[in-house]
Structures are given as C-alpha cells and as structure tokens.
Amino acid sequence: MNNSTEKAEQAVTIDISGYDVATAEIRSEAKRLLTEKIVDAVVGYQAGRRKGSAVPVIITDPAQAEKLLFSPACVNNLSIYLTKAKKEIRAKGKLAVVAKGCDLRALAGLVGESQFKREEVVIIGVSCAGVHRAGIQPGEPLTNSTIAKKCRECSVHIPDEADLVVGKLPPLPDLPPKEKELMEKLDAMTPALRWEFWKEQFTRCIRCLACRQVCPFCYCEQCLCDRGRPQAVDTSPRPSGNMGWHIVRAMHLAGRCAGCAECERVCPMDIPLNLLNRKMAEELKELYHYEAGMKPVEKGPLTSYDEKDDQSFIK
Amino acid sequence: MALTITEENLRKLVDRLVKDGARVVGPKVAGEMTVYEPLTSGAELAPGTLPRRSAKEAFFPLSETILSFQKGKEGLKVEDVDTNAFPRTVLLGALPCDAAAPQVMDAVFSWDYKDEFYLERRRRTVIVGLSCTSADDSCFCTLVGLAPTDTMGSDLFLTPLAGGGYSCQVVSDRGKEFLAGYPELFAEAATVTPVPPAEPEGTPVDLAKVKLWLEEHFEDEIWEEVADRCVGCGACAFLCPACHCFDIVDEGTEQSGSRRKNWDACAFSKFTNHASGHNPRDVQNKRYRNRFMHKFKYYDDKFGKTLCTGCGRCIRYCPVGIDIKGILEEIGKKALSTKDTKGHEENHHG
Amino acid sequence: MKHDFEPKIVAFVCTWCTYAGADLAGTSRMIYPSNVRVVKFPCTGRIDPVFILKAFQKGADGILVSGCHPGDCHYMAGNFHARRRFAVFRKLLEFIGVDLNRLEFSWVSAAEGGKWVEIVTDLTQKIRKMGPLTQFTDLADEEQWSGALSNPELKAVYDQV
Amino acid sequence: MSRIGVFICHCGENISRTVDVEQVAQAARQMTGVAYACDYKYMCSDPGQTLLKKAVAEHKLEGIVVAACSPRMHEKTFRNAAQAAGLNPFLCEMANIREHCSWVHDDRAEATTKATDIVRMLVERVRKNKKLVPITVPVTKRALVIGGGIAGIQAALDIADCGHQVVLVEREPSIGGHMAMLSETFPTLDCSQCIMTPRMVDVINHPRITLHTYSEIECVDGYIGNFSITIKKKARSVDMAKCTGCGVCMEKCPQKKIPNEFDKNLGFRPAIYVPFPQAVPNTPVIDREHCTKFINGKCGVCQKVCGPGAVDYEQQDQLVVEQVGAIVVATGFKLYDITEKPKGSAIKGYGEFGHGKIPDVIDGLTFERLASASGPTGGKIVRPSDGKEPKQVVFVQCVGSRAREKGISYCSKVCCMYTAKHTMLYKHKVHDGQAYVFFMDARTPGKSYDEFWRRAIEEEEAVYVRGMVSRVYQKGDKVVVMGSDIAVGVQVEIEADLVVLATAIQPRDGADTLAQKLGISYDKYNFYSEAHAKLRPVECATAGIYLAGACQGPKDIPDTVAQASAAAAKVMTLFSKDQLEREPIVARVNEKFCVGCLACKKVCAYGAVEEKEIRDRQGNLIRVVAYVNPGLCSGCGTCQATCPSKSVELDGYTDEQVMAMLDTL
Amino acid sequence: MSPTKNVLNYSYYPGCSLHASGKEYDESARGLFKALKIGLQEVPDWFCCGATPAHNVDELLSLALCAKNLELADAVEGDLAVACAACFSRLKTTQHKLGENEVKRKQVEQAIDAKVSLDKPVKHLLEILARDFGLENLQKSVKKPLSGLKIATYYGCLLTRPPDVPQLDCTEAPTIMERVLETTGAETVAWSHRLECCGANFTLSRPGVVLKLTGDILASAKRAGADCLVVACPLCHGNLDIRQKEIEEATGEEYHMPVFYITQLLALACGVPPGKLGFNSMIVNPTPLLKEKNLI
Amino acid sequence: MKNIKNTKMELSQETMNVGFIKKVEALSGSSVRRCFQCGKCSAGCPMRSFMDHPPNRIVRLIQLGQWERVLAGRSIWYCASCETCSTRCPNKVDLAAIMDALRKLSWDADGPSKESYVQLANKLFINNIKQYGRQYEMRLAAVFNVKSGQFLKDLMLGPKLLSKGKLKMFHSKNKNLAEIEKIFNRIEEMRKNGDAP
C-alpha cells in the first residue's frame, strides 16, 4: 500500500458490533439445522490458532456449532466448498453455508452454472460491514486501513437473497474507492506501459495457483491450463506461461466473476488479480449491462447475445 | 575476539562481489514485500525481515531448463545445460530457517540420484546466515530443533550488533576461504553486544514422539479436521524453504523445445494422479496428511532429518488458514502419551 | 516490392463466409500481400480467444478474426457469440497492454472477395508500419522476475497496489 | 501420425505459374512426419487420384495433405480417393495453395514461401487428425407438412402416395390457402377452384394423411429423422366427429354481418362458419370474437339447431404431439398491406396510392374475389364503392415490390402475370371496358408466360404503359391515376373507375416465430432461407426440414407445386433409408472432465446439448454432465470455444489440431 | 454442262437511272452479258417502278406501277433481269405483297385493269451471274484476272432487305457480291458498312443527310484498306461517286475511291475493252487505280 | 402549330384513337400492338439522329392512338425506307411499312409536315411518272430546286453530271404513257369510291 495515500486518509474505525450478533445467530441456526437434520454439514468460520484469526470449518455435529463465529477475519469465500472442486465436502450431504454479500453473489453464479440447485443449500447470510485485507495481522481492528479493498466498494452489505440474514448492519463510513482509482490510472496509461505493469506483476507469479484454487468459479475438473495435449499455456512458472495463464483466467472469469476478490487476497506474491476481474466486470457492464447479482440468471453475458450488440470494433 | 563487519562494509562487500562477477542473492525490497533476489548493489540489501519466498531458489529455481531438443530430418538433437556456466553465488543474509534448509535438502538431492543442477549450484554457493531478531506468531523454528541463532547450513553467520554492524562467525571451511578474499572489510572486536535473537513462542514438541504418533495415526480424524478446508493450492510448498518436489515438463512443440524442471506441490490434485485416472490421495486432507507426514516422518525415516525449518510462511499465506505450527503442537500434545512402538511403513514420495 | 519488415499475419476465419470470400478473391485473381496465413474454422463461434493468445506467442504480428455478417451465420448464431466473446477479449488484451491495432475483426461474406483483399491488405500495411510484435515473444526468453521497474510513473502505480 | 503424404498439384499452370511446386514438395519432404511428397499436374484427375492411392499403399501413408485448390472445391474428391486407398477419409486434408496463394500473389518467391507454410500447417494438422466415422441416426418415416395451401397439399399427397404417413397442419379452419381464393389461373385461365378442390378432397380422404386444421405448431423438438412436434389444435367449438356439415347452424346464426376474410371483406359470413362452401373439412368453426354466445352468453342458437349435437361451447384448445422424421414448411405468403406502415419497419408505405382511403383502389387478391365465380359478386366485376361496372380499370404493378424505399427491394415475381390475367378477365367480363397497366418491366419467365402477357396486349387490347404511377386521387366518382409513359417521355393521366394494385408478396405473419421454433434461418424479409440457392433449393440448413412454396420466396403455382414435389422427393429420399448417415463433424463431450456448467448448452443454437446423469452401479447420481446429441449437432463448435475446460470438443476441429497449426508459425 | 445446250436469255428491266446517271451500269451490263453469251432483251416501253417515293406516299400506286411493268415484261421471253437494286426491290416487293394479300391484289388489278402476273421470276443481275450462269463458268470466262485489286463490296439497303422479299442472299451477311468478284481473282475486304443506308431517298431533298451517311460508308471502306467500292445499284452509285468530292470537302478526309458497278469490273475481267465500260463517266476517275493495278 | 410533344397524355377510350391504330395496321399490313418497345428499330436506324421521335416512340404513340403527335413530328419524313428496322424487328413489326402508312395518312390528312422537302421531292417524283413515264433526273432536280426555293442547290454538280452524260436534257416519249395515266386515274377513282385506302 502506498503509505502517503494511507496517511492522507483520516483513520476511521468501522463498527463491527453487529458481528457478535451474527456469531450468536449463526451458532443457533447451525445448531438448529444440524439438530433438525435439515442439513448434514455447515460450512462456516471458526477461530484459528493465531489470535484473532478465523479459518473455514465444516461442522457436522450440532455440538460444534458453538465453534462458529463471524469476525473481520472471516475473509474466505466459503462458496468454494460447495463446488465440485471440493467433492469431499459435498459428499457429506446437504449443506448450509455462511455467506457474506460478496460470497452470495458467487453462490448465485454457481446456481446459474448448474453447480448446485438453490434448494439444495441453506444459505446463512451475514450482514457484513467489511473484512480484513490481506497481510493484516489477525486481531487488528477493522479500520479504513485494514479493510479489504472490495469492502470499500461493496454494494451488498446485506445478502437479502439468503435463506436468512444474521447480524445487523451498523451505519457505515463512506470510504473512497481505491480499486477504481487504480484502474483509471492504468486505463490512462499507454498500452506499452500497461504491458510493463502487468508483465512485472505476472512475472513474479510462482504458479502456486492459489488464485485458481480459492476461486468459486474455477471448479473445472481439469483446468485448461493444466492440460498437456494440447497445451494451451506453458505450465512453467515463467513470464511467458504466466502471462498466458492470467489472461486465460481473466477471460474465463469474464461475465462470471462475482467480485469476491479472493484470488487477490490469497496471492502470496501480491499480484492485483482482482483488478483484471474488475476491469472485465466494468466492460461487461458497459457493453451488455451485465452485473453479477444476487439472483441466479439463466445465461451469463458470454453465453448469450443480442443481435444488436455493439460491433463497432468489427470491420 | 570476534570478527565484525560494519553495515557499510557489508554493502561494500556486496558491491565487490557483484563487481567480481558473483551472483549475490540477498533480501531486497520489492513493493510491500521483501524477496531473495540477485542484488545489483549493496544498497539493495535489506537484511532482517523474513522474505516472502524462501532462499531455496538459489539452488533450486522455480523453473529451470534441464535440456533442450530439436527434431530434424536427421533425428532428435538434444542439447544439455552447461552446469559449468552456473554462477558463483553468495547467499547473503539468509535467516537461520532459510539458511538451514539447503542442508536438509542436500540429502534428497544426492540420494539415489544425484541432481547435478542442485548440487552444482550448492557447490558454487557460499551461505552467509543472519541471526533472526524478529519473530511473529507463525514462527516456530524452535519447535523443529532450530533456533534464531542457529548456524546450521551457513558458511558464515552474521549476528546484528546493538550499535550497528554485525559480528561474523566462520562456520565452515568454505566460509573461511571466502572470508580470506575480503579481509579489509572485516575487523576484529574484543567484545560485541548482539541484538537479542527473537525466540518464537510455542509449546515445545518432541519430534521423535510426533513421528511415532504419525506412524500410528495414518488414518485419523485430525486430518479431516485440519485439512478438509484445504483448497489444494501450492502456496505452502512454494513458499517452503524445504519442500523440494518437482515436476518434469516438456515445453515447446514436437519439433523443438525444452525439458524443464518445475516446482510441484503435494497439495495439487494432479500431484499423485495416475495415468489411469486413479488418485490414491483423492481428497485434499489426504494430500495434506502427506505433506505433514513427509515433513515429520518420511524424510526423517529416510534421511534422519525433519523437513521443516519452522519459518511459518505456509501459515501466513495459507488461503484457508491451515496452521502447521498449531497442528504440530496439537499432535505434539497427543504424542506425549504415545508409546514407542513400531509404526507403519509408508511409501515415500520420491 | 520488398519491405523492411514483413509481418506474420494469422487469419482465423469461418469456412462458410470469409474462407469462401477469400476463395472468391482467388477466383477473381485479386492480388494482395502474401503475409496472411489462414486457419479455417467451421464458424467464428468455434474460435477460442486462446488461439489468439497462442498465435501472438508463436510470433504473429497481427491477427484477423473474420466470419459471416450478423444474421448470415451458417450456424444461426455462432457469430453473435463470437462477437461478444471478442468484444470482451479485446478489452482484456487492451487492459493488459496489447495494442489493439494488431488484432482486427471483420465480417466478410462469401461474396466479398474484394473486402477480404482490402482488409488483409490494410492490416498488412498497418502492421508493416507498426513493426514486429515482440511483447509476447520476448517473454518466452525471460526466466524470472527481475523486480526492476524502470518507469517512475509505473513505479508509483505499482507501489500503490 | 508420422507417415504423411503430401501431394502438390500444379493445377495445370494455375498453381505452378506462381508457386514453385517442386520447391514446395522438396520442403515438404523435410517436414517432420512427412513420408512422401510429390507434385503433379492435375491431382484431381483420374491419374492424379491414382497416384495418390498408389502412394498410400507404397509408402504406407497414414495421412494425406493435398496442396491444391480450395477444399470447398475438391475436399470431397480427395477424401473419397483416400477412402478408396483404405484410409479414413478424415485423415485427408487440403492445403489451399490456389485460391489463397497462387491466384492472389504475384511474387513467385513469396507465393512459394506461403505455399510451403500452408502445407506445413496442414501437415501438422493432419498429424493430429483422428479417424472419424459417419454418424447414423434412426429415421421416423412420418412427415409433418406445415401449411395446407397448394404447396402443403401437394407435398402431403406426394409423400402419402409414396406410402408414408403425413401429418398436415393448417392454421385456418380449412385447407386450400390462397389458391382457393383465386378466380382463374395464368397462363391457362383454368378455374382455380376446379383444380384445387379435388386435391383438397384427396387430402381429407387419404388414408395416410392426418389433417389438423385450425391448428398451429406449438413446439418442435428433436432433429432430422426424429422430430417431436407439439401441435395446438385451437378450439373449434364444433365436434368434428359429430358434425355432418349440414350447414343449418350457419343458416340460423343470427350474426350474419361479419366481414368475410376469405372474400377480402367484400362479403359477409355468420359467426359460425366455414370460410367458403367447398371448405375441407366441411366443419364449421365458431368465431368466438364475434359470436354472441361467447360475447354475452345470450344466444346458443347453433347448438339448439344442431341435429347431431356437434356444437360444443366448452371446447378447449388441445395439444397433440406427433413424432415425425421430416418437416416440410409450406406456410405461404400474405400480400403487403400498403394501407398501414408496419410497426418498427423501415417500409414507408404508399400514401400516394390512396389504398385504404379510396374504396375503389383495391389489391390483386380482392380483384380475384371480384372475378371469381364463387366470389361475393358471383364473378361480376363491380366497384366496391357503388357496385357499378367499371369501364376504365387501371392496374399498377410493382406496388411494394422492387421499391427499396417504399417497400421491399425484391420482385414479387407473380404480379406481372396475374395482372395480365386480370386485364383479360376484366375484358372478358366487361367487353367495352379498357384496362390499363402501369408497369416497369414485364417479368414473364415461365412456360407460355410471355405469350400470355403479349396476348393481353395484342389480343385483349390492354394498354400497357411503361412507367410507375406517381399518385392516385379521387375526383368525383373517378379515381385519377397519374403516371408517365417513359417510351414516349410524357406524363399520362387516366380517370379510372377502379384501380387494382399488384401489391408485394410477403411471408405470412409469424413466419419468424415459426422459424425460431423450427430452428431454421430466414432472411431479412422473413422468407425462409434455403441451404443453397442453386444446389439445395428446397432444403433448409437445418437437416430434415424442407421448404415448399412462397414461404421461401415469391412463387407462382407451377413453381410452388414443383417445389412442393421436390420437397416431397427430398423427404422420400430421407425415408428411403432406415438409418441416416451424417458427416461426423460434431461436438463430443469428455465426460471425465465435464463439470456440468452447461455453458455449452446455453450457446447451442440447435438445442443439441442435453444434461446427462452419471450414476454409479447402484444407480446413485454421481454428477451431471453435458451430452451432445449428434443428431442435432451441426458442428459449429461454439460450445467448445465457450467451454472453459474444453471438455467438449468438435471432431475435425479439435484444439489439438488448431494448436498444431499455430505451432508452425 | 455444255454451254451450247443451255443458252441463257432474259428479259431486261434497266430502270430509269440506267438510262441516265447510271448509264455506265447499263453499258457494262450489256457488255458483260454479251461477253458471257447471255441474252438480254429490254422490255419495250417499261416505265418507272415508282421507286421509294411512290411507296413512301402511295403504296397502291407503287404496287400498281410495278404490277403494270411486270405485265409488260410478260411479253418478253425469259426471266426478268433487273439491274437497279431499287427497281429490283420494288418489283419483288410487289410480287411478294400481292401474292400474300388478296385485298391489295384485287385493288391493284382494279387499278391496272388487268390480272397481275406474279409468276415471272424477277432476278437481279447478280443472281443471274452467280446462280444461273454459275460461278464456275464465270471463273472460266475470266480473261484478265483482277488480282491485286482490293474491293469493298457495297450492298446498300435494298438488295437484301427485307428478309423475305428479294431472296438474293442472306439479309445480314450476304456474300454474293464477294463470291462473284472473287472469281476474277480480285480481293474483297471485310468492312463494316456494307449494308448501311446511303440515304438515296434524300439525294434530292436532304443532301446533308446523304453526306453524313455516305461519308460514314466511305470512311469505313477506307479503314478496311479497300482500293475501290463496288455497287450494284445506280442510286448508291450516285451518292457514293457523284457526292464523293462534296464529302471530302465537308469532312476534310481524302478518299479518291473509285466506285465501280459490279458489271464494269466483271466485264473488264472477261475481256470487254475498257473503253466500252463507261469508266470515263465516273466522277471519281478510276483510271489511275486501274493503271496502277495493270488492269488497263 | 401547338407543340404537343411534351404535353400530358390523358388516356381514355375517347382520347386513344383506336381507328387510327386500325388504319395504320390496315395500310401497313403490320401489327402495331406487337411492339414491346425493345428499341431495336431505333438502335439500327441510320436516320435516328435526324428524327425528333425515334422510330420506337412512333410505334408507341400509335399504340396509344396518338395520331396528332405522330404526324406533327418530322420523323416520318426522315425515314429512308432502308428497311433496317423491319428486317431486324424481333416481333415482325414492319415499321418501314408503318412509316409508309403514316406518310400516306399524313399526305391524305394534309398533315402538318406536308411542305417538307421530302414530301415535295416525292410529289415531283410521282408527277414525273405521271407526266413522262420515267424519271428524268435533271428535270426532277431543277423543278425541286425551283419549288423548294433553293435555286442554286447542287449548282456545281449539275454541269459536271451533264458533261459526264449523266443527266439527259431531253426525254423520249413513252408509249405506255396513256396507260400510266389511266392507272393514276383509276386509283383516284377507287379512292373516291372508297375502294382503296
């Protein structure tokens, strides 16, 4: 983060008192769902060893419901546990999942892509004021400097489309968007300079594929980029293959990415991956008035068309 | 008497080395992180903070060409990599958890098959370790038998001094030899006051007992409990100073290309995927179990060493908060009551 | 007539319209630069953005994607899907920093031999002026991140991330 | 595959003039996997093909690249040759070094380089080609004919006479279509009804024809050989099984002043009616919109007078599902109504002709009803305004047709002839009358057509004025037509008693909706598109669907009947086999990798992608994957480009083949 | 075929012009026929056929005049030989029209107060030479080949048009003149204006029209490389020969192209002395050309 | 004379002179209605450039019964009677004969163009026949020049022709002259009686 920008912004602490309410409600709901055998497992968050941390957990025993919580450390998008990439979780039976607004959008997308049926999953929505950004020591208070970038621009603090919504939303401070600003800066550059920027970003990629693995939409049985014959992109963690990988990934997510920004959060090399996804989302909004929403849609922008679509770029 | 070097001279040393044509790999600031990178000048050196990635890349790069090929009418023409062209390298400012790792890995790379690429680089490298003066809640070197002041793996070992500069301890002959090239940069001091090392917090574990426990608990619900959440990325392995699995891939076309050695990670679902489509480690927790077993049991079985230096990187960067320190502590706790009986044999990953 | 630089141009075309249009240019004996290499698909709907990426990586200096005019698709709607796909893909490439002058899209029907010639000729001339595309091919020779950022403006943005 | 044979064709001199074919062959020999390469003067000739076949045997070739003309020209030739040589035909590819190279480049060196590159690309492609086997699907030998006009009737009778079952669906209460409305037909002037009605009777009496009148196509599923058609039978309010067709209900119906659409509103009909006396079936239908019983429940006369008790006010629309193997679309046309500017259309209409405002300006079909012996005037030609016999009649051709700005740019094809016929019919009925025709060109390309037109002028003394009419206006009880005789070069003005406009032929309303249900393409005017204007004029691009009559484009009766019989012949060709063979360029799903996101299904324009459940041996559902029905798949490959994991692949155009080509760059 | 057995004899209708502006046609025709031993006996007191002006304004008159002449010709033995293309056309037209139109025939019969005679074959001189006498015989009769002479044969309108009437040769591509002339060893050129109208009808009334039309004809012949023109009609001759000077003045183009009657050249070839062929009556002096080609 | 060339045609059974059409057809023996205006007659007409209405338009005007328009023009007097049109007509419309018919009708109707030089020449020609039985070109030319007021026309041509013996100054008496006169008279008589057109 650019320190000067940080300093220019007045320190603002975000009220997270509603998270305790959420924690309590999640626990009682999970307990009920498991006890009444409405679901076989609940995917939620529990505390990690590190103080103030939270990690995903899958509980099957109502007694364990007390472990569940909600805090600014609950950064994960748990919808990945409902995808086919995590078959062992789905094998447990009917699931309930704790979801923030951003996560719910991914869930809606997954329903649209036939990954599960809406009625198969109980969604416990959380009224969310925001969560930590990457690289924050667990337990730090949630402030304008520790909050994730996506939360600054969040439009879905309350996931209305969930089966129930827990917690309560305090009044939220108005935080200026950062990602948009950055995108505009990049847009203003010459293509050559942008290329330099992304080249620098991608060349340090180590192809740990954390971005892919946490992405709710990267649920393919076999990733195109893991494929040998033919090899779409080089698998070696080198600039050439990395560039290919990130372009293919951005393209595959275009029109699908729901904006949870998990890819960017988990990147050990701090590559601003969500910037690409955001850019694609902006373009799709402008071209086809499409925005990832809370409700499943039958066809995404790239699996449908309109005869009147823009074609000014075609000779 | 202690050998010392000022901060300034340390940087000068870098400059000299670079000038002499050596590759000096050391911590360097890049954006918000620090990484081990070849330095172009002493000014770039940023000692003291734990770099994002480990130093193993100095010997075991993310990706390297091991041969290149060209197919013509006359047949296949293969060109080998000239290991003699590998640069003389000084790994400077490696914290004990990173400095110790190569020594752990030496065993596997010179076992039944001698990996000339790794070994040649090792032969050409001098490691200058650095005492660790900052630790966080993810650090656990002390739990795996190391310490912030451990010189294991280092040829020379620097300890930051309270008034600035470093004391320099000669650990190996190679270190001594290296030192001989730059006597003017070092000084002798009668007494030195080191900056106190950072001892990470944690519940000590008995690694032998942990190993015994693991032998008996190949099947255990703990694996599901701690690793069902694993999403199968390679962040832990790729940041780990000791993980050394690699994959061989051919790149290019059938006509020409290169064979490359790329890092691999046991968390990847295709890691043990058989050609038949069968995967013995079909779910993520089994893959994590393998990772843990490899570090604390299999490697020890084979080479008598623990394959973990406690750097804590995998904890910090695990997308889903899988915490090897916590798991080790938990198993350590459970293992206290374990009796020393003969464990199961398990196939090693090679 | 020789030029300093003769670009490699790859054309991804559908078989029903543009390929046939190019055939027509042939049967009409229209002359155009020989730089273009045509890869035939049943439909523009079949053309995967990955192919464009691959072609750039393999050294294409310019790429043309061409198919049936809207409403004329032999497969009813393949070109409509392609239109969206490429509208989005080019935006992505632009954001990544690829000069879109190197990536052209056109509708060329089976009757438009002349248009094919015009488009291929114009593209070839344009790319000749632009010179070779080295962005992708240079990457192939690079091993690892250098960490070096030469441009201060870039560094500022970079640091902001 | 590593034993590829490369055959470079000189094409006489067409290729060798610009491309150094020997050099290309030489270069090909150096290419990986090429076991044999040669050049030859005419590869497509018999000796050329023999050369290829011999080389396959001698060099044990596993794949073939013929570098010659466009694959659109000779791919089939060489694939057949490859097959004759014992190779799978799909292991043979063509490198187009003529249309794409020798003919379009003049520099020999450049062309040779390019030809070599093209050959290299194709060699790499062939090395990745797989043996493909034609797909077979079973054929249901039952045909659906949509539309009961002369086209549909002809097609249905032809197919049924050949021994196959036919389902004929007609939107109106009776079959017959427009032809039943006509008076006499050109160029023979025989009575339309006299030739039409026996055919209609043939249909209803045919043991193999199932007739659904007053019915519409609701939904079409399936593919060639295996269509499933849902037909909506609209409520007729009369039980067809009970009705004897006695007609008492129509006589007694108190609502008698409903304009008769069949008579172009020149006459009237009751609310329970048959469109015309010779209707087939002769079962009335209740026009619920105008029936008092349905408006306010206060009548019910027809039910009371119906002896057999056939009138059923409670009747509901009914859905019928029919299984067929082929479909003939024969939905016909409508006349362009110039009175109103169609909604959202660029068509501007013809305010200047006064149609719809001046009662004595009528269209051609209205004139047909006036001239028809069974029409509302009993065949007496009178003016709609005052019933007087018109002494001066002006006919205007090309109204709406051939008028990019005012109407439609195409020629409606039949107006020249029917206008000539109209002038004759008029002269026959009004001996002292004078017919004038304003025309731009006379288009009479048909047997005995031009003679017919000339007869109208030379014998029946119709005055043809070459030139378009500018305006038509009412002046007293006359209709003044302002035109111009371009042969003389002066303006012409005629005070007419009646003006007949030959308005353009358009596809029926809803033609586009039906096309979407059928999955067939249509042009900007909504005429259905044939697969190939010359070589496949009655087939749709969608397999198993054929076109007959004016739904494909303006047509006269002989052409319509000919096309209907041609469509029937196509259907019978299809039905001549129990199994259907198709080119295997279809998409296939790799079920192991498919994750079931069904993006492929969303983009498939043919509805060829279905969900398929994968179950274990116990029958437990493991997962759902996509499945491509090879019968429906047309091979566009949009699914593959859309599939993120490329779990669906288009045979013949796999990623591997494409990437192999790109690798040669 | 023995010539003694088949002596050809014809009645002869020269037409007005042959006694005036076209007298060299008459002279040369008679000379030629004499040389070929073909008999010609002029119809006594024939009168004008009416030519174009008559049918232009009064078809009945035109038909009646011709019918009367045909009646007169009946009195003389042999098929009727006609030299003038216009007369030939009128006489043939009259036979044709009256043969197919009974109403007109009756009217004409009333006008001439006699039955019309339609049976006597009316033959143009060309036809007699090419068909009756025969090209082979003609060739045998050539004593002085005209080799080296490049001739543009000019048919004009009336020798071949309209299609059904004269039946002399193909309407649009006649070759009879060429075939006849080639027996003499002369060369005929291919040219474009063989059949174009010279405007004979306007000689008197609209000379400007004539200049334009004949100018085009001369230019075409010159383009084709002809040395001279050959005609078989005194009216055409009148325009092309007599007005040639005027045309040269009007267009600035120099032609000096002698215009021969076909009989003049044939007679020359068949050994009739040049002095008897009326060469000196021609406005465009042919002597230099004939000398150049060693023909006189 | 009113210029009717460009005025509007009002078509009706009254304005279209069907009698005229029939008369032309009867006189010429050719169909008028057959013409479909291909324009071939005009294309090949050597006199087209001298005409106001091209030949095809003449036929068109007859088809519409517009006799005034036809006879008002000078086209009919510029027809060279070369028969090209009739020869080439795809519909066997004998336009040359139609032209004859039109000239006759114009002659009879004392048509607007009757003072045309062409008509004058024709008249003199026919008078010559009546008077002398044959044409005497010298006289014809001289009288034409006097009558047309172009006294000096072709002045240079005359002596030259005379010197070449091409213009006879005198003419011999034709024995059939009486017969010729009878023909003229009979035709006149027939026309008076309506027996001839």
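We call the chains A, B, C, D, E and F, going by the order they appear; numbering starts again at 1 in every chain.
By definition in this document, contacts are C-beta pairs under 8 Å (C-beta built on N, C-alpha and C of every residue); 3 or more make two chains touch, one makes a residue touch a chain.
Here the structure is a predicted model, which means the values were calculated and not measured.
Asker: Would you pick out the chains that touch chain C and also touch chain F?
Answerer: Per touch definition, common to chain C and chain F: D.
Asker: Which chains lie in contact with each of chain B and chain F?
Answerer: The common neighbours are D.
Asker: Leaving chain E out, group the remaining chains by who still touches whom.
Answerer: Without chain E in the graph, we get one piece.
Asker: Which chain lies the greatest distance away from chain A when centres are computed from Cα atoms alone?
Answerer: Farthest from chain A by mean C-alpha position: E.
Asker: Count the touching C-beta pairs: is A-C or A-D ahead?
Answerer: Higher C-beta contact count between the two pairs: A-C.
Asker: Quick check: how many Å separate the C-alpha centres of chain C and chain D?
Answerer: Once rounded, the distance between the two centres reads 36 Å.
Asker: Could you work out how far the Cα centre of chain D sits from that of chain F, in whole Å?
Answerer: 59
Asker: Between chain B and chain D, what's the gap in Å when you average each chain's C-alpha atoms?
Answerer: 72
Asker: So how far apart, in whole Å, are chain A and chain B when each is placed at the average of its C-alpha atoms?
Answerer: Here the centre of chain B sits 31 Å away from the centre of chain A.
Asker: Using the touch rule from the top of the page, what residues of chain B touch 2 or more other chains?
Answerer: 30-31, 35, 62-63 - these are the residues of chain B that touch more than one other chain.
Asker: Mind pulling the residue numbers of chain C that touch at least two other chains?
Answerer: Answer for chain C, listing residues that touch two or more other chains: 49-50, 54, 71, 77, 81, 85, 143-145, 147, 158-159, 161.
Asker: Can you list every residue of chain F that touches 2 or more other chains, as numbers and ranges?
Answerer: Residues of chain F never touch two or more of the other chains.
Asker: Could you please specify the touching residues of chain C with respect to chain D in the complex?
Answerer: Residues 8, 10, 15, 19-20, 22-27, 29-34, 37-43, 45-51, 54-55, 58-60, 71, 73-78, 81-82, 85, 117.
Asker: If you look only at chain D, which of its residues touch chain B in the complex?
Answerer: Listed in rising order, the residues are 30, 32, 592, 663.
Asker: Going by the contact rule set out above, which residues of chain F touch chain E in the complex?
Answerer: Residue list for chain F touching chain E: 27, 29, 46-47, 50, 78, 80-84, 86-87, 94, 96-97, 100-101, 103-104, 107, 116-123, 125-126, 128-129, 133-138, 140-141, 144, 148, 153-154, 157, 160-161, 164-168, 174-177, 179-180, 182-184, 186-187, 190, 195-197.
Asker: Where on chain C does chain A make contact in their complex?
Answerer: 49-50, 53-54, 57, 70-71, 77, 80-81, 83-100, 104-107, 119, 135-136, 139-140, 142-147, 149-151, 153-154, 156-161
Asker: Using the touch definition from the top, list the residues of chain B that touch chain A in their complex.
Answerer: Touch residues, chain B against chain A: 30-33, 35, 52-53, 62-63, 136-138, 228-229, 231-235, 237-239, 249, 251, 260, 262-263, 265, 268, 270, 283-285, 315, 317, 319-323, 325-326, 329.
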